[in-house]
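Sharing a structure here in structure tokens format.
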Amino acid sequence: MDIINGVSRFQSTVFPGQQDLFRKLAQDGQRPRTLMISCADSRVVPELITQSAPGELFVCRNAGNIVPPFAMKNGGVSSAVEYAVVALEVSDIVVCGHSDCGAMKAFFNPEALETMPNVKSWLAHSEPAFEVVKSCCGHMNEAEQIQALVLENVSIQLLHLQNHPSVAARMAQGKLALHGWFFDIESGEIRAQGPDGVFHTVSNDKPLPVAIPASRRVARSLAVEAA
Amino acid sequence: MDIINGVSRFQSTVFPGQQDLFRKLAQDGQRPRTLMISCADSRVVPELITQSAPGELFVCRNAGNIVPPFAMKNGGVSSAVEYAVVALEVSDIVVCGHSDCGAMKAFFNPEALETMPNVKSWLAHSEPAFEVVKSCCGHMNEAEQIQALVLENVSIQLLHLQNHPSVAARMAQGKLALHGWFFDIESGEIRAQGPDGVFHTVSNDKPLPVAIPASRRVARSLAVEAA
Amino acid sequence: MDIINGVSRFQSTVFPGQQDLFRKLAQDGQRPRTLMISCADSRVVPELITQSAPGELFVCRNAGNIVPPFAMKNGGVSSAVEYAVVALEVSDIVVCGHSDCGAMKAFFNPEALETMPNVKSWLAHSEPAFEVVKSCCGHMNEAEQIQALVLENVSIQLLHLQNHPSVAARMAQGKLALHGWFFDIESGEIRAQGPDGVFHTVSNDKPLPVAIPASRRVARSLAVEAA
Amino acid sequence: MDIINGVSRFQSTVFPGQQDLFRKLAQDGQRPRTLMISCADSRVVPELITQSAPGELFVCRNAGNIVPPFAMKNGGVSSAVEYAVVALEVSDIVVCGHSDCGAMKAFFNPEALETMPNVKSWLAHSEPAFEVVKSCCGHMNEAEQIQALVLENVSIQLLHLQNHPSVAARMAQGKLALHGWFFDIESGEIRAQGPDGVFHTVSNDKPLPVAIPASRRVARSLAVEAA
Amino acid sequence: MDIINGVSRFQSTVFPGQQDLFRKLAQDGQRPRTLMISCADSRVVPELITQSAPGELFVCRNAGNIVPPFAMKNGGVSSAVEYAVVALEVSDIVVCGHSDCGAMKAFFNPEALETMPNVKSWLAHSEPAFEVVKSCCGHMNEAEQIQALVLENVSIQLLHLQNHPSVAARMAQGKLALHGWFFDIESGEIRAQGPDGVFHTVSNDKPLPVAIPASRRVARSLAVEAA
Amino acid sequence: MDIINGVSRFQSTVFPGQQDLFRKLAQDGQRPRTLMISCADSRVVPELITQSAPGELFVCRNAGNIVPPFAMKNGGVSSAVEYAVVALEVSDIVVCGHSDCGAMKAFFNPEALETMPNVKSWLAHSEPAFEVVKSCCGHMNEAEQIQALVLENVSIQLLHLQNHPSVAARMAQGKLALHGWFFDIESGEIRAQGPDGVFHTVSNDKPLPVAIPASRRVARSLAVEAA
């Protein structure tokens, strides 16, 4: 493993220029504003595509950028979400899918999944997305279906996020926004889901589309009383 | 969220210089040699401290750099491990702990944990490490105990890794090495566990210490036959 | 148990008048168009408040009209949902909460819950609703908070429904609508949630508010392609 | 959904005549004496076949009138049982199976079950009944086997009920009786299991057969002392 | 550990006299007729109290001689039961409790249980027995209550056994009997539960009491047909 | 069941000679120094092969002498381990495999496993051992592979033991040793794993090989400080 060269390069060349930042981070602790949930894929580097410095991005990565629903206690993703929302009080959560995702492609290659029973179980959390594609995308070719699956998968994980008690409470207070992103490896483009469910290209000259913006919710019961 | 500026900066300034790399990665797929399991902490950026380019590091991040033992089907970490070993055939797995880890410090602050039930459940996978510290480190102050816990936690996660069938098989074939690392935020130093269990400072002029090096195992049954 | 009198009355007085209906139902099987998920409470009789005849309403009842998210395999509610959608192809699912719900009131009486550990676990599926009420309804008195919880609970169960693969697929095809209702025991009124999240009184002279109406979804990926 | 007509009919025609009952139920709360666990099937309406008024029957309905054993925390049926016994102190629990039950017939149609994974998992709680039928009913035709399975299934669910701590305690005190019923859709007949395990037709002129009558149990240990 | 002396004594003194038996058992495989489920307690040696030779008793031992109900897949006891019934076709299963059982006494010492979270979870399978004792044995002193708990616990484990599909099928065929035993350490006495639920002293001059004797069951459905 | 003869023989012939021992054990309680985890196989009698008297050996037996990793709460083996370590403070744990083990042979007969779903699930805890054999023992015949599997299985269960918090803490204190044994039914030989992983024949004239001897561990963090 020639990773030792990378480590040495970091220590001799990179760290000295960031020493003050790291010292400050060690003394003051971290205060990231954003939790990014992205794929373990080696080609999708969250800090690179958002140009985030150390201390800016709390990051949870797993195969398929999946967020199991709250009912599954004990999980690593649920814990990262809870820690980010309760302990760090982040204001934004981004779920970021990407092109050519091996986890999503596995749905189209069931034999390969047989040799990976854990991955197969894990992907159960993406099954609603796959069922949607099976039902509605029969007219597409496989590449298009995979792309559709990646996007539907981001959507379903945003749904899952909302049943985490800490997330639900924070959203109702208007202090937390949820984002659904797609990163295209070849073009470097990022698309962000808007409230309409559509994924729009992100560019500097227009506001960032936000799947579920932060907005204080009027209590539903009050509306009833008025009725 | 001013992350949109970062994204724009990536697209306008950074991506153009890496366009060829990304195109190649999109067309050929990823072939990382290493799986890194590290904490979600915003101050620990795996690609930064190993100076890895996109495509080089398969990354799983969660609160506390934890690897549940294999018996827990359905999990995100187990899936990342399985995918890395079976589908990507990585040759090295690094479990990387770090100083000032919020997850490990939570053991010393049980009241705070009550507001984070998922995190509490998740940390059950680090309980053996905490029990060791409780039993053996009574003479240390709290800062030292936390440091000890971080290191013990890395050790127990390496133990967990070894009961994943895919990992066990690959190790027996001599094709997979396991690494236990510690990253010190303030100094930028990395320490790597050696086969003796001790964490040694990594430097360029000596070989990287490896907790469990890759080496083909002589089948235990043969040894018996000879007896 | 004087229930035997009721059974006798049914057989001697009621059944003869419905004999043809029951014979037809026995021979042709059931073809209900609606699944109603309501509370086990003895005061909320689904067939009564909807004036449904035998064969018209597929009914799942449990304490708190709860729908665990899909990740919880093995469950009775998930099975009822799946059977209703896949085998019976119902076109509507109604989640019906009600006033004075003992399950929801239990959140405000934690000591009583200690004697009912199963109920306590089960109510975890309503926790996001309770967290919302705790966060946003501090200015209400307890009766108002309970009412708010009942409504938030209906909303979160509708969220859960949408991550069941069979439901997600059917909704994307535009063949399934989701309804959130509230039944007030004292007044006999029913309120139905509209797409705006507000619960409106149901009356004969205006269309039934529908939380998530049936409408074929434009595939998200297509929208991206056009971008 | 023309259910809105039913709701309107209930409000304009039915409710006015029961207004006093509902007001009383709203103010005094519910005090049902019986918990009925029956199938979600639209043709089996518990309040109809027992001629129960609102407030008289606490009802849990799921596919196959199943009661998972106590070891399965978190479940909806266990919670309904616990709530009925501990909070409402019901004196009778009825498990009611029925003819032409889709859940039981699913055992004889394994392919269909493949499209309903939740139902398949759920039916594991009826497997002992199916194994009995497979072992002992080889001489019957399929219709007879299905009927046998429905009855065996009621028996096994009564067994499951008895390992719920709240039920076991209440039975030992002689304050709770368990009933196993079978409802025949075509004939409207109800058969009730007696202590001998046989299902007898219920009629007005003889006592209701009770599978496990309420009777204070002599402590087993005392018997030993005397020995 | 001076266990090495015991092993040497076995090899030099005991084994030679049983060499033929062991050779036969190695070549023909095991054919035990009985599965005994007893406590891990060092004072309760199943082969000793039944004077069984090697090859005669299939033995499952755990803290509290517990049999979780079938719904708990993955367990060691369920597997031993299944293997004994399906692969070995044993004709008898004995659940054997004993006096002074540490697992049962733990119910009366909740603080000690806090240091043993696994034991606490495991004892959930005995909770129905404890609830019965709490409800019905208030007039006894603690020693009597513990004794009562041991007996009730045996009874509940026999109940659990009956919902294992393999056991249910075999019992219905009349090929499997279930036994509930109590071993008194001080007196060496064994008491066996009869069909009446009472534990009777076992002696050579009367038949062994059997909790649930093997007897082919008349199919319940046939009884209905005749009705 | 002629087991009643054995019981009578025990009571009339054997017990009288051990009456004093049993009385003492009843009055003083048990104080075993060793927990033995062995197979349920009727041919492997722990007390016989170690020549242990009542009171000397705490015994957990299940199909395949398996120890699930700690993450599996609720289990019988984990509870026995915890009780032995925390309540009884044993100094040694022995995991004892054996020749001709039906559980291990089941890996080579997948069809038979289909009729035993619980056993199949249970054996997941031995899968890492099987994967090692599949990967590294292709050159062996099936008998040799089964033998290899038995030994690898003992090794993996020792690994599992070490992630139990109570075991980890006790080992770090230097108060607990772990042993891996193999019992050969035909020859009566016992082989014990040494620290090198090899299984050595046990004999009286040399020290017992110990897989993981008791030795107080120097805290890993101190080693780091010194670095």
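Quick notes
When the chains are written out, they are named A, B, C, D, E and F in that same order, and each has its own residue count from 1.
Definition applied: a residue touches a chain if its C-beta (ideal position, glycine included) is under 8 Å from a C-beta of that chain, and two chains touch if they have at least 3 such contacts.
Just so we're clear, the structure is a prediction, and the values are computed from it rather than from any experiment.
Path length between chain A and chain D in the touching-chain graph (shortest route): 2. A repeat of the E-F interface exists among A-C, B-F or A-B; more than half of the contact pairs are identical by residue number at A-B. Per-chain CA centroids place chain A at a distance of 44 Å from chain F. In whole angstrom, the spacing between the mean C-alpha positions of chain D and chain E is 31. Chain C and chain D have Cα centroids lying 20 Å from one another. The set of chain B residues that touch two or more partner chains comprises 68, 70, 72, 124, 164, 166.
The cyclic arrangement of chains, taken from chain C and going next to chain D, is C, D, E, F, B, A. If you check the complex, the residues on chain B that touch chain F are 68-72, 124-125, 127-132, 134-137, 140, 144, 147-148, 151-152, 155-156, 159-160, 162-170, 172-173, 182, 191, 193, 197-201, 216-217, 219-221, 223-224, 227.
On chain D, the positions that touch chain C within their shared complex are 1, 3-12, 14-15, 19, 22-23, 25-27, 29-30, 32-35, 40-45, 47-52, 54-64, 66, 68, 70, 72-84, 86-87, 91-92, 94, 99-100, 102-103, 112, 115-119, 121-124, 166, 177, 179, 185-186, 188-190, 202-204, 207-208.
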